[in-house]
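Note that the chains are named A, B, C, D, E and F in the order they appear, and that numbering of residues resets to 1 at the start of each chain.
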Amino acid sequence: MSELNQPLGGNVMPRTGGPGTMMRLPTQPTAEGLDACFVGIPMDIGTSNRPGTRLGPRQIRDESRMIRPYNMATRAAPFDSLQVADIGDVPINLYDLKKSVDIITEHYKGILSHDVVPLTLGGDHTLTWPVLRAIAAKHGPVALIHVDAHSDTNEEMFGETVAHGCPFRRAYEDGLLLNDKVFQIGLRGSGYAPEDFDWGREKGWTVIPAEECWHKSLAPLMEEIRAKIGDAPVYLSYDIDSLDPAFAPGTGTVEVGGLTTIQGLEIIRGCAGLNLVGCDLVEVSPPYDPAGNTAVIAANYLFEMLCALPGVKRG
Amino acid sequence: MSELNQPLGGNVMPRTGGPGTMMRLPTQPTAEGLDACFVGIPMDIGTSNRPGTRLGPRQIRDESRMIRPYNMATRAAPFDSLQVADIGDVPINLYDLKKSVDIITEHYKGILSHDVVPLTLGGDHTLTWPVLRAIAAKHGPVALIHVDAHSDTNEEMFGETVAHGCPFRRAYEDGLLLNDKVFQIGLRGSGYAPEDFDWGREKGWTVIPAEECWHKSLAPLMEEIRAKIGDAPVYLSYDIDSLDPAFAPGTGTVEVGGLTTIQGLEIIRGCAGLNLVGCDLVEVSPPYDPAGNTAVIAANYLFEMLCALPGVKRG
Amino acid sequence: MSELNQPLGGNVMPRTGGPGTMMRLPTQPTAEGLDACFVGIPMDIGTSNRPGTRLGPRQIRDESRMIRPYNMATRAAPFDSLQVADIGDVPINLYDLKKSVDIITEHYKGILSHDVVPLTLGGDHTLTWPVLRAIAAKHGPVALIHVDAHSDTNEEMFGETVAHGCPFRRAYEDGLLLNDKVFQIGLRGSGYAPEDFDWGREKGWTVIPAEECWHKSLAPLMEEIRAKIGDAPVYLSYDIDSLDPAFAPGTGTVEVGGLTTIQGLEIIRGCAGLNLVGCDLVEVSPPYDPAGNTAVIAANYLFEMLCALPGVKRG
Amino acid sequence: MSELNQPLGGNVMPRTGGPGTMMRLPTQPTAEGLDACFVGIPMDIGTSNRPGTRLGPRQIRDESRMIRPYNMATRAAPFDSLQVADIGDVPINLYDLKKSVDIITEHYKGILSHDVVPLTLGGDHTLTWPVLRAIAAKHGPVALIHVDAHSDTNEEMFGETVAHGCPFRRAYEDGLLLNDKVFQIGLRGSGYAPEDFDWGREKGWTVIPAEECWHKSLAPLMEEIRAKIGDAPVYLSYDIDSLDPAFAPGTGTVEVGGLTTIQGLEIIRGCAGLNLVGCDLVEVSPPYDPAGNTAVIAANYLFEMLCALPGVKRG
Amino acid sequence: MSELNQPLGGNVMPRTGGPGTMMRLPTQPTAEGLDACFVGIPMDIGTSNRPGTRLGPRQIRDESRMIRPYNMATRAAPFDSLQVADIGDVPINLYDLKKSVDIITEHYKGILSHDVVPLTLGGDHTLTWPVLRAIAAKHGPVALIHVDAHSDTNEEMFGETVAHGCPFRRAYEDGLLLNDKVFQIGLRGSGYAPEDFDWGREKGWTVIPAEECWHKSLAPLMEEIRAKIGDAPVYLSYDIDSLDPAFAPGTGTVEVGGLTTIQGLEIIRGCAGLNLVGCDLVEVSPPYDPAGNTAVIAANYLFEMLCALPGVKRG
Amino acid sequence: MSELNQPLGGNVMPRTGGPGTMMRLPTQPTAEGLDACFVGIPMDIGTSNRPGTRLGPRQIRDESRMIRPYNMATRAAPFDSLQVADIGDVPINLYDLKKSVDIITEHYKGILSHDVVPLTLGGDHTLTWPVLRAIAAKHGPVALIHVDAHSDTNEEMFGETVAHGCPFRRAYEDGLLLNDKVFQIGLRGSGYAPEDFDWGREKGWTVIPAEECWHKSLAPLMEEIRAKIGDAPVYLSYDIDSLDPAFAPGTGTVEVGGLTTIQGLEIIRGCAGLNLVGCDLVEVSPPYDPAGNTAVIAANYLFEMLCALPGVKRG
């Protein structure tokens, strides 16, 4: 066990120092030998409104420095079970979104040539489509738990099919999803037409608008979802704007009346027991939360995703 | 139908560009031909603590740029039913509050010479009194739904009768209200004496302190209120400080333990079916929320008010 | 009654002016003649992550300027019952934490040579240990209501026994606590091992993690706690990071999924009837909330503590 | 000498604690027995653009906490020569500018019933007119050194004669100034017509636009000014917006291309030897500089004014 | 003369209200009938480091609200000489930089079908290339005054030829420039090789690094430049990052040791007398200066450009 | 040459991604094989006023991401001449300043067991004393170029001899300095007595107050200093508060009227040719400049120090 990577502890180096990696973990250039890896995608050129997510991975890593290795609530001790490292960033092309999408898929195919679960630090939501292409190339079509304020199933934006409002429509078209096991949680706000949310429903997806989440625990919902997904491979895509802006001001397309961080924790913790094959946390925009608390949430959620992975022991 | 004004869409002009009007709607100098209009009052000289609401209309308009025309939750499509425009700001006198109050009343009488529902972007809460004078001049005394942390029924402040803590006392004195149909929701915090909240009760008003709203949906409350108001003309005055400062940091007299934005949505959506004749959203102070999310809430709430107006179809 | 100190009122001096004392109360150099006193400890050198609490007392006092003397919810009128003043700050040594700890104890012994309840404006949580030493020197071991994201019962941090993660372990070792009447509310997040929370349980303490508080009122919990404490002397230590960072961004070691300000109010108001002998509000870090709303909460919570003290009449 | 008030030193109380008074000086309610006094005017309702100066005195006092008693550059030791205190704020009426103007004059007449030099912490520039009325009532018409981006000699603003763009025109009309000894330094930017700056010239005033100050020391200018003023009583009115916004972002009507803080120091230090009878530092708007460095400048400039007063020894 | 558009004055509408157009000018959809026009390009997808310039035009317009119509320093009264309006934004494609570049050229060809001088509010610096294509299509190759921290003559960035570091190399390749009349002012910082600045020199351009500008007025430099340019058509491209970050924090690729705003004014005012056929002000990134002073500079510089245009009378 | 470490280039990985090391250089645990190394000291517990420098090294590294390898002004190409890496942080004890001081000395003795020049990212200025102890242990007493607003030669602060106002007095007492080759540049502001600056003069040091630097280039001064130092080993200690707060708002004890960044560049570039054996850049406090431009200056200054080291070729 002593050979497993451990986050650098606060009694060895002050929390305000140490490496700028996720949870102050060791870094390595590839996913070789890892059970799970953190990887960043410093991109925001798929964004429609406020930019800034290109700096998301940097701030999430920075603000992950306080996280300790043991999950007090779930009793998960992921670093006692899994070999984990931070494998750095995807060298996307900031001037060409379409090329970046292909760079991402190729990069993840490289990662997934190892038997590893990638945990992605976004980056705008466009990235989930190319990640899913690599995921499905390895695992076949997957179940999807998609937490978001928006359905991200636009046919196109400003005439483009690649943008942060479109990834799940592209994933559907590419046959990357198990359509009876797709769950979209937290959708809300204004739109262009009922079809904005109904498009997925017509494909067999389950849409749970924010309004159905208000004033209650989401633990029962997750129980249902786990039952429906069973042991299919699952991808978890968590858009920080699913949260109400009170919790997550540092994002680009805020919508009023969203989830609480408690509900977010219930969702992620509720994924434990599923066959998670990949996760992402997207749309953290540092310029809109210089104090960094949005990134603190993101960092903790990524840690909670790690804690929910198959094979993690509970102490 | 194609003659109705539409917000400039995000597929025609990036959300970060386009006119600085409410929802990127067309602007016109008067309310002529409109069913509803957005109007700003760039004033803060009635404020007792932190200033800044003089810039509220500018920031609300700016942050309204992301709102799309269809309400996903209520299925309201206001721009398919009503002719709406942004008619600009009231030229108030920033150096003389008493003169500004009269300027506002006159300006609204001009607006209300047309058959239009004004949706006001504040501005400090002093403005509701002069607006109500014009409203009552047209519609007679009105029912009132007043959402706020404060009762705003002070006899005077610093010896003055015109200030942002006094508008509803002045409105009462002027006979502008249907006293058995006045509802104050969200009151809380510290005061000078029990009379701060009881004064209205003695006049027949219904006071629902924040404590009675905690931990629950306000949909049942709104059902009751709708029943009591019936088809009387109603004015909705929404002070953003009714919300807990976690949601709305950008305001001047914050009080702890307030409403959630979800409850705010329940209140405004719960006004659908009423005979709304005017609405305001006041006390947004941009300097205290430079990231602009308080204004995002305000902009969305104004859109929700528009969706709740009589005559709006649900798609 | 007219001899009791009163906060300077908003009709005598604008809220944006007046003395920079707590609630614009008079100040005096000692606690002589007082029933309750506000005292600041401008310290942050016990902090492990983000600093800044050395400026907490200044910002809390500044943002207390809006609080009026009467509690609308509980009907408490503390300034009609108690003689209260702001007695300034403890002259701690910012370059030597261990010396500061002794300075604090001595300073509070001086305060407690008078028959007064000290309400402390922190400052980092290290301070509660030396304050409790003085409290127990006067009152004997006390019951403790400790609201926090962290248990603060570390054996040591970076090899040191004096730090903001250790005060309650030190207090236990010094025999300052009635171990069957110790309640820790709101604990959560990541840690090093189950012992982080279980250590106190082994000593007879009651630990209520944040997860047990989610989605509900804490009034019933406080009823239980009051029953268990009875008429023992009680100390209330309120760490602002018990709140979710959405409410209190201005603190140093934020943890996701915390209490709401409403629950905080329920806890403090739920202390009324207890024999409170001291209270503190710690860990407000102004640089992380320049707009000051975290300090507004802190100031209001300190006012609510004052309202909950023995002997305060309800109007 | 030991009877003279001293600022609370940093070796007695941490700089981050201590009283919220100017330079942590003692406070007293009147100017009795003082040679110089600091007084605040928490007002911004004479402001045309960004508000916030109502909080200026609070932030200036807060950020004065680091200033030590001896001037390293000029070798002035004001607290060895003068009895100085902070006498608090003027209770202006935030809802009525015209009343506030009269309150200020009356308040300063009370101050000036003692033989004291008032150093005013603003507040918007409207205040200089009513202060000058009291100054001239005691000293007769005065010489004026007015440092500003704007001439503040408007006939009226929005039809009003009392506003922050008008004080020096009002002072002229009231005969408060020695017109051949009036100097306006730093004027610049856009205007309505050449008369904006020429009006004063026609009255005999000397106008030194910012452009004449660029790229050079202002020490020679001050030498000229001292020669022209001789031993006439002088009032120094320093608007922080005279500085380029790079130095002083925290103000309301910023103009590009202004003075440097070095030039500001040269101006104030260049006043030593003059018969200064009053000084003000106006237009600091805290919401536009939350980090507080604009207020640090203001606090230091007020200290430099104190150092330049008649009777201050140089060590 | 009375038919010329005028900015909405501050005595008619408070500066904090009124339309969100440049200087509160009227808006019209095309450049028809105009002598000069303001036009925005809300783009940042050509940016290499910090994003945000997509919001530049909105913030520049917002912060232009204080500018009055007359230039106190140069005595220019542009609105007495020219017909000017704000013609809104270019509908660029935020998801495809290469398409946006063509959209911009086409849009400017439309503008330049009228006899008008476009003053562009950026937007990242990529835009200057497509604007110059339209400019040269009308006027032939032009002289260039390019004020910037960077030469922006990269062969490519990340393999791309269209990016904000490349516009002037592209313009050279397209033959848009009079190479003996190209001036690059303010270049500095780190690079990859001497060629970064020497490339232009080899083409006949004059490069004036920041170091040659330090500690002095740039008026003599502009005199030289005017002599060299003569009556050739000139384009002025002003990158706000030419300024030291002390002045202009709100930009994406800050370099230490830059120009002062005074020098910037000297450059722009020094363009009077030239045959200016177009100007831009680029790289203002609002998220990095929420207080807005960088945009205030930008707005004033655009006004100064307008004042320097051919045909503007001096009063 | 190809074996020398190179910063990760912007054409290989977007500037917003890549490792969080200084200039995106490789990292290694010790200084073995290096000619120069960057090392961080994440400490602020020696600070008297605003805290935050504990996060300085993190933000400096983050904001160094834009720096390219070649110095356009000096033509230095340090990575073609020297082997350089980032060797991480010193594990200081955040709860005990005196212990931290000894940890630092021991750590630097370890670094200096290799033939390397350490470039330190602070951290508060206390650190220079323990660093100098290690430097002098290797090199003997050194010449010192100390750029600062403060002399930092206090006998003690609050009774303590170890604090950020004392390092150079301690260094003198320990015989670490060549007293005829000590230069303090930029001192200014308020103090306790003339001795604050004269103490060093009495020891043979040269003190150049800020006032002597105003309005001019510091290149001539550096020429003099180089002549006086000759080939003695030199240590350069650069306190970011030497700069005027307009340039460097992100620091703890700001003083008005400081150096410009241009003068700072002149000083550091003026060190080329000296026998520099160590450098530090201290007192960057991220919470007071969230946009990060103070850290950008610091990062560039550290790069300029690297460029000025002995053995660096100029291209």
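Keep this in mind: a contact is a pair of C-beta atoms (placed from the backbone, for glycine too) under 8 Å apart; a residue touches a chain by one contact, two chains touch by 3 or more.
Here the structure is a predicted model, which means the values were calculated and not measured.
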item	value
Between chain A and chain D, the fewest steps along chains that touch one another	2
Most distant chain from chain F, judged by the mean position of its C-alpha atoms	B
Chain C and chain F, separation of their C-alpha mean positions in angstrom	40
Chain centre separation in whole Å, for chain B relative to chain A (CA means)	37
Multi-chain contact residues (two or more partners), chain E	14, 16, 48, 50, 54-55, 94, 157-159, 215, 244, 246, 288, 291
Chain pairs in mutual contact under the definition given at the outset	A-B, A-C, A-E, A-F, B-C, B-D, B-E, C-D, C-F, D-E, D-F, E-F
Chain A residues within the chain B interface of the complex	48-50, 156-159, 187-194, 196-197, 209, 211, 214-215, 244-246, 249-250, 253-257, 288-289
Chain F residues within the chain E interface of the complex	9-11, 14-16, 65-73, 75, 215-217, 244, 246-247, 260-262, 265, 291, 293, 296-297, 300-301, 303, 315
Contact footprint of chain D on chain C as seen in their complex	12-14, 16-21, 27, 40-43, 54-55, 57-58, 61-62, 88-92, 94, 290-291
Parts of chain E lying in touch with chain A, wherever the complex brings them together	44-48, 50-52, 54-55, 93-98, 157-160, 162-163, 287-288
